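Two complexes come next, and they have one chain in common, chain A, joined by chain B in the first and chain C in the second.
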Partner chain A sequence: MNFFVRTRKKLSKILKAFFRKRQSRIGIYGPPNAGKTTLSNRIVRDWTGDVVGPVSEIPHETRRARRKEGIVISNSNGNTLTIDIVDTPGVTTKIDYKEFMEYGLEKEEAIKRAREATEGVAEAMHWLREDIDGVIYMLDSTQDPFTQVNIMLVGIIESRKLPVLIVANKNDLPDAAPNRIRSAFPQHPVISISGLEGNNVEELYEKMLDYFG
Partner chain B sequence: MAHKCTKCGREFADGSIKILKGCPSCGGNKFLYIRNTDLHKDVLEEKSVETIAAETKEEIMEIKPEIHSEVDIYDRIESIRVLNPGSYELNIEKLAESDELVVRVGNEEQYIVDILSMSKSKKKRKPNDK
Partner chain C sequence: MIQGVQIDLISAERLDRMTVMEKVRLILDDVMEGNIVVLEKGLSPNEQSQLIEITMREITPDGFSGIEMETYSRDNEAKPGFFGRLMGKKDPGARLTVIGPADQMKTIRKDKDFISTWVSSR
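Our next item is the complex of A and B:
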C-alpha cells in the first residue's frame, strides 16, 4: 500500500470517528458454551458476510471480547438498525484448569486457558459497565437456567437499566426446554432459536429492531 | 473428654479437630462425649452407641459443618480469588462494579491490592480504544 492510500484511509477513519453518530453497542452475554460466538457469527455473516471468531465445544473458547462495528439490520417494512455487536467471554464464578484437561488439553495449556478466561470475565464485566447499550443474554435451553451466575448477571444488567433480550439457544436439540427459560425470566422477552441451524433467527432480528432501535 | 461418633462408633481424642468437618470415617455429625473409662466399651461389651449414651447420660454434640454456598462469594471483598495456579473464583458483582482489583491468594486471608487499577482516571473510554 502506498503512502497516499494509507494516509487517506487513516484520515477518513479519523473523520468517520468524528462525525459518525454513535451506534448502539449490543453485548452478547451469558455463561460459557451457551453459543454466544455462534450467534455473533450468524448475525455478522447474515448482515455483512464476515465472521467474528472461532467456536469450539471446550468452554471459554472466547477469552477476549470481540467487536464488529456497523452492522445494519433491516426488515421488510423498511426499518433499519445499525449496531455494533460485542461478543463477550462466558461469565462464570469458577474457572478451573482441570475442567479443560477433561477435553484433552495438556496441563500447561489448560492453565493458560484458565488464566485467559479469568481475564476474559473481568473484561466482559468491564465492557458491561463502560460500553454496552443493550444486551442479548444467551442461554443454552438444554441447561437449567436457575443458576447463580444467570440470576446475578441478569440482575446486574437490570440494575444498569440496559434493555435485555433473552435468547434460549440450541432449540435444535431434543432436550431443549425454552419454556423453562421463559418461566425463569418472565420480566424479559425470550426468543427460542438455534444459532447453529439458524432456526427462528428472523424473529430475533425483528425483536432486536423493536427493542434496540 | 473424648468423642465418639454416634453413627459408626469411631472415637476421637478430646478436642480433636478431625471431627469439625464431620466424622472422617462415615461423615456422621453427631458425637457423644465419653469418659476415658468408657472408651471401646461398645466393642468390649457389645453395646450400641445408643445404649452407652443412655447409660452415661452424656451430651451428644452436633457438628454443623460450614456451609460453603455459592451465595457467600458475593459477600467477599476480593474480585478474584486464586485458589491454585489455574483455578480461580470470580466475584462477578465486584467485577461489574469497577475495574479495581483485589485478589485473594489461596484460602488464607492474604490479599493483593492492585493499586494501579485503582489509580486510573475515571475518564470515559473513547469508542475506538481497545
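Our next item is the complex of A and C:
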C-alpha cells in the first residue's frame, strides 16, 4: 500500500471519528416493578438477540444502572436509530429492608439488597443529571400514576429538557388503565404496551425513531 | 409530657437565601430527628433530584428509612412564555411541600388540588 493511500485512509478515519455524533443514551426510568428491565431485555433481544439483566417480582432486582451500547432500531421506511439503552434501578424516596423479608428473604440478604438498592437509586439520579439524552418513563398501568415520585421524576426530566416517552406497561393485565396515565401526563406521548407479551412494541419503536432520532 | 410531632414551617424568604445543599441538609437533618418539614415554596427539580440522592445515602438498617414527600404539581399554565420572561415575569416554581420520615408519614389521599396526610409520633 503506497504512502498516499495509507495517509488518505488514516485521515478519513480521524475525520469520521471527529464528526461522528455520540450515540444517544436513552435511560429507562420509573418506579420499582414497573417493568423497566423486562422492556430493556425486549428491546435488546429484538434488535441484537442479547439481554440486559434478570427480572424478579421482588422490588429492586436492578440495583445498578446497566448500559447496552449500539442498539440499531429501524423501520420499513429505512429510518434507523442507533442508541445506548440504560436500564436503571427503580426510583423511590424510601427503602426499608423489612419489605424484602416479606418476599421470603433472610434478614442479612434483605439488608444487603436494601443497601445496594439505595446506592442504585442514587446512581440512577446521577445518570439522569449527567449522562442521559432521552428517557423512556415506565409506569405499571395497573397502578395509580399520581404518585409523588412520578410527578417529581417527570418534572426533573422536563427541567433538563430531555425528550421523554411515557410507557403504560402491563396492558396484558385485566385491570390495566393506560388512560389514567394519559390523563396524568397529557403533555407527553403515552404508549400502551406489554413488555412481557410484546403487545404494541412496534408502536413504541416507531415513536422512539421519531423522538430520539 | 404531651406526645406529639414537631412541625417546622420554613418561609419562602428563608429558602431563597439558601444554597441547594443547605436546603437539602436542613430538610434531612430535621426529618431524621422525626420532625415534619413544611416548605412554603417547594424545591426546584434539581433540588428534588439532589434530595432523593442524598436521602438514599442516609438510609440505614433499623434507622432512617427515607422520606415521604408531598407537593402539588407544578402549574405549567402559570409558567411565563418567552415574552413573559422578557417582560420580567418569573416562573411560579414549585409549590407548598410537606416532607416527613417515611416510617411516620403516610399519604392518605392525593389529588391535583388536595393532599391528605397522616402523621404518627415515634
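Some notes on this structure:
Convention: the second predicted complex is superposed on the first by the 192 of 213 C-alpha atoms of A that agree within 3 Å, B and C clash if a C-alpha of one lies under 4 Å from a C-alpha of the other, contacts with A are read in each partner's own complex, and residues count from 1 in each chain.
Please note the rule applied: a residue touches a chain if its C-beta (ideal position, glycine included) is under 8 Å from a C-beta of that chain, and two chains touch if they have at least 3 such contacts.
It should be emphasised that the depicted structure is a prediction, and the values quoted were computed from it without experimental measurement.
With chain A as the common reference for superposition, the partners chain B and chain C occupy clashing space.
By the touch criterion defined above, A:I95 reaches both chain B and chain C.
Contacts of A:Q148 after superposition on the shared chain: both chain B and chain C are touched.
Applying the stated contact rule after C-alpha superposition, one finds that A:L162 touches neither chain B nor chain C. Residue contacts after overlaying the shared chain place A:A177 against neither chain B nor chain C. Look at A:E130: by the touch rule set out above, it reaches chain B but stays clear of chain C. With both structures placed on the common chain, the touch criterion links A:Q187 to chain C but leaves chain B unconnected. Of the two partner chains placed around the shared chain by superposition, chain B and chain C are both touched by A:A114. When the two complexes are superposed on chain A, the residues of chain A that touch both chain B and chain C are 91-97, 111, 114-115, 118, 121-122, 125-126, 128-129, 148, 152, 156. Partner chain C is touched in their complex by these residues of chain A: 91-97, 111, 114-115, 118-119, 121-122, 125-126, 128-129, 146-148, 151-152, 155-156, 158-160, 187. Across the complex, chain A meets chain B through its residues 17, 22, 25, 91-98, 110-111, 114-115, 118, 121-122, 125-126, 128-131, 148-149, 152-153, 156. Those residues of chain C whose C-beta lies close enough to touch chain A in the complex are 44-46, 48-50, 52-57, 59, 61, 65-71, 73-74, 76, 102-103, 107, 110-111. Chain B makes touch with chain A in their complex at residues 70-71, 73-74, 79-80, 83, 85-93, 95-99, 101, 124-125, 127-128.
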